[in-house]
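Please find the structures below.
Both complexes shown next keep chain A, but they swap its partner, so chain B is in the first and chain C is in the second.
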Partner chain A sequence: MDLGEFETDNSVSCRLSSPIPDLCKNEDCCLGIDEAGRGPVLGPMVYGICFCPVSKKEDLKALKVADSKTLTETERENLFMKLDEAKSYVGWALQILSPNTISNSMLQRSKYNLNALSHDAAIGLVRYAIDSGVQLKEVFVDTVGPAEKYQEKLSQQFPGVEVTVRPKADSLFPVVSAASICAKVARDHAVKGWKFAEDLGDVDTDYGSGYPSDPKTKSWLLKYLDPVFGYPQFVRFSWSTAQTLLDTKAVTVHWDDDEEDGEKAAARQNNTSVLSYFSRKPSHGAHPREPHRFFSERKLQSVDTL
Partner chain B sequence: MTTKKKRSPPTESDSWVLIAPDSVVASRKTRDPDATFVSLRNPATDGGSQYLFSNGDMQVFEVKAFSEDYRSWFIGQRVQRDGRLLYVTPVDPLFLLLPYLRKAGAEGKFQPLQQVVMDEDYPGCMRLLSCTHSVDSLHHVADEKEVGSMKFHRYSQEKTMEWLQKKVERIVRMLKKSDISVGGGVKSSTFIRVKEENHVTEVDYLCYAHGLISEYISEDLSKDLHKHLQLPEMSSPNKAEPPSKKRKLSDKPVEAGEDYTKFNSADFARKPPKKMTAAQKTLAKVDKTGMKTMSAFFSPKVKQENN
Partner chain C sequence: MSANSSVTVVQLDSAAQANKEQLHLLPCEIEHNGPAEVSRFYSPTVKDHKHEMTVSFRGRPLKGQEVNCPQGYTGLVLKEVQRPSSDQEDRIVKVSSVFNNFTRWNLETPPTSDDGVVMAMMWPKLAEAIHGPIDE
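== the complex of A and B ==
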């Protein structure tokens, strides 16, 4: 699998896809959606779709695609090769969500959670297939969050397409298994060949599985924690594992959308609480005047000490 | 005319990012290596503020800081916690001399300047006397007498008012030129009006300019100037408040004057406490120490009643 396009800039989201088989443009098709790398604190999350004509479902089964989790890495690689060879009737597309995209989405001012991010990636891929001329009739999805709600969301997005959302769909429907293989292979490649945007020198690539529970991952996170910047972009900052380490080991950074207790924030900034502006002040002359609005509007203050 | 200057002082914590006129920066390299920050008495607050002398104390600058929460600097390979941006801008030394002249003027005598401008708390004030124009322009605010080679000064309120009025007029011209909103409706300088503010009057400009100059003079002088300029009554926050209505601080239902359910309302008070919603519960958890009840802000005296 050629991840070149993603590797040129691994800080953003990237779409990779196979050519659309002509057969898919003329016949009714089914499509499977699955994802890889949802849980790890390291590396990208990959969304994959795989589609083939409904009439070719059996051929896909014959390739013995199975849930990617039950396969070894080499088995997955081989199966992906087989899928690629079957390009006369099988097509795929991937959305690689970089860890940076995930961090930024989840930590931005208006929070964009992982489920919404996942759903939108899936919807985007199905939309891509339809826009590319795939005659889509059936969609099978492994669920993210409550299955019913997700099914309703997808059905609304794609009227005229029969949507089936099912937990464990990757072991039930070959087309979902195929999608899961594409996603998993892409994720493995992306993680293995990760090009660090940061100048870290010789990076220790022994970061284990990337899952928060992996002790290797944890010690890697500790090793590459910068007190000011935190982690390289390879790390999902929004993961609680990463955040806990940042909270304890890195310099405290305050943002203006921090959910801090009002009083506490006021105390920290050594500010008067907003309440004090409403209370009646005893009018003794020594009290400093409010600065003129020319200065207060521009946030300008006299400097008492340097 | 401005350059960004970064000082590299001995310790990390006392470095600033500041914008200063070229003349200040250039002078550091050439004849005057002593462009120095000095703490002087701020004429408006009577406390200390930072000023900068340069060119052999011929010029004095005030230091203002743009300071907003949640800001830090990245400077080269360093991070600076202090996210302030300091501005060094020229200030008329007469403003800084005025408090001393006024104090000495209370005695009504002509005095030599060296005797007037003395301050134990801010000894740097002596340097104001070497500023260009500071001695020459004293006649704007003081009567002068020359005896031999000695000059004597006495504060003049009349002259000062004339001088401040001229300053206000100049500010008004500047405000108009720089298109600064002075109308009461605009709360933020970043808020841009699409339509011209056509209801802004000359008086609005004068009031704004008066407020601005009051940042450089003492409070009583500001009041005198206000009278001198014949500006409309200042709306001090205390006076602007509407007459407060007393509201009972009890959790009994508020009763209307004519309430026909009044005599049936016994069960009103006995109602069991309602179940709180999730939002109310979180609100109830907030640490309320030091907080006042909302109604306290509307009553003249904060009177805690027992519930």
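== the complex of A and C ==
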């Protein structure tokens, strides 16, 4: 699998796809959706779709695709090769959501949560397949969230398509297994060949599974923590593991949309705490003249000491 | 105004040897005074596509704009040579770097013309008009 396009800029989201088989443009097709790398604090999350004509379901099954989690890395690579060999009737597409995209989305002013991000990635991929001419009739999706709501959302988006959202769909439907293999192979390659945009020299690539519970991942996170910048863009800043480490080991950063309260925050923001009305005011000298709005708006102040 | 009698001396001749550093003004308050690994973590991740500058800081998306110092002005970064032990002593400050422009960063949306810092750069021109000598 060639991730060249993603690797030229791994800070953004990227779509990769196989050519669309002609057969899929002429026959009713089924399509599977699955994701890889939802939980890890490191690296991208990859959404994958795989599709083939309904008439070819048995051929796909004969390739012995299975849930990617039950396979070894080598087995997944081999199965992906088999899918590639079956390109006369099997097509796939991937949406690679870079860790920076995930951090940026989840830490926006108006929060964009992981479920919404995931659903939009999946919907975008199905839309892509339809726009590319795939005669879509059936969609099968694996889910971690509540299935009914997701099913409703997808059915609304794609009228005329029969949508089945099912937990563990990746082990029940070969076309979903195939999607999970494509997604997982891409995620593995992306993590393994990660090119750090930061100037970190030789980076220790022993980051373990990337899951927060993995001690190797945890020690990697500690090793590459910078007190000011936090982490390289390989890390999902929005994960609680990363946040907790930053809260304890890095310097505090305040944003204007932070939800702080209390006297300290008020003092920091130059507001008046309600408590200050109860304390005695320093009343020596005349009241200093307020500077004109022109200066306060421009944050201009006279300085007479350093 | 400080009540003590100490004098702060700015060694302006040190400006000649001072580094020309790229400056970034971030839209947040960092509780840190001191060096930071800007060239390792920040500069290499700044992207400049079709005049839109973007970067992430602590996972949050920022958009930037180059701001020039007012004409005829040079920006100075000052550093105290040695912190005096009492407030009666004179303080000596040297120029650690000079700059003619800096990047103003804003959270999610680029700084606009009504950004306080961008607008502040107009003050010297206005001050000149108000306070400068009048040509006959």
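Convention: the second predicted complex is superposed on the first by the 284 of 306 C-alpha atoms of A that agree within 3 Å, B and C clash if a C-alpha of one lies under 4 Å from a C-alpha of the other, contacts with A are read in each partner's own complex, and residues count from 1 in each chain.
In this section, a contact is a pair of C-beta atoms (placed from the backbone, for glycine too) under 8 Å apart; a residue touches a chain by one contact, two chains touch by 3 or more.
Just so you know, these numbers come straight off a predicted model, no measurement behind them.
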Once the shared chain is lined up, is A:291 touching chain B (first), chain C (second), both, or neither of them? first
Who does A:8 touch here: chain B (first), chain C (second), both, or neither? neither
Touching A:304 in the superposition: chain B (first), chain C (second), both, neither? both
A:213 in the overlay: touching chain B, chain C, both, or neither? Say first, second, both or neither. neither
Would you check which partner chain A:108 touches, where first means chain B only, second means chain C only, and both and neither mean what they say? second
Among the partners chain B and chain C, which is in contact with a greater number of residues of chain A? C
Partner chain in contact with A:100 - chain B first, chain C second, else both or neither: second
Should A:246 be classified as contacting the first partner (chain B), the second (chain C), both, or neither? second
Counting only touches as set out at the top, which of chain B and chain C does A:233 meet: first, second, both, neither? second
May I ask you to decide whether A:70 touches chain B, chain C, both, or neither, giving the answer as first, second, both or neither? neither
Note: overlapping chain A surface for chain B and chain C spans 228, 254-256, 297-300, 304-306
Give the list of chain A residues in touch with chain B in this complex. 228, 254-256, 261, 263, 269, 273, 275, 278-280, 283, 285, 288-289, 291-295, 297-306
Residue numbers on chain B that touch chain A, as the complex places them: 14, 16, 37, 39, 42, 44-45, 47-50, 62-70, 79, 86-87, 180, 187-189, 208, 211-212, 214-215, 219, 238, 286-287, 289-292, 296-297, 300
Chain C touches which residues of chain A in the complex? 9, 11, 100, 103-104, 106-109, 197-200, 226-230, 232-233, 236-238, 242, 246, 251-257, 268, 297-300, 304-306
Chain A contact footprint on chain C (complex, rising order): 1-2, 8, 27-32, 36-37, 39-42, 44-45, 47, 56-61, 78, 80, 91, 93, 107-108, 116-117, 119-120, 123
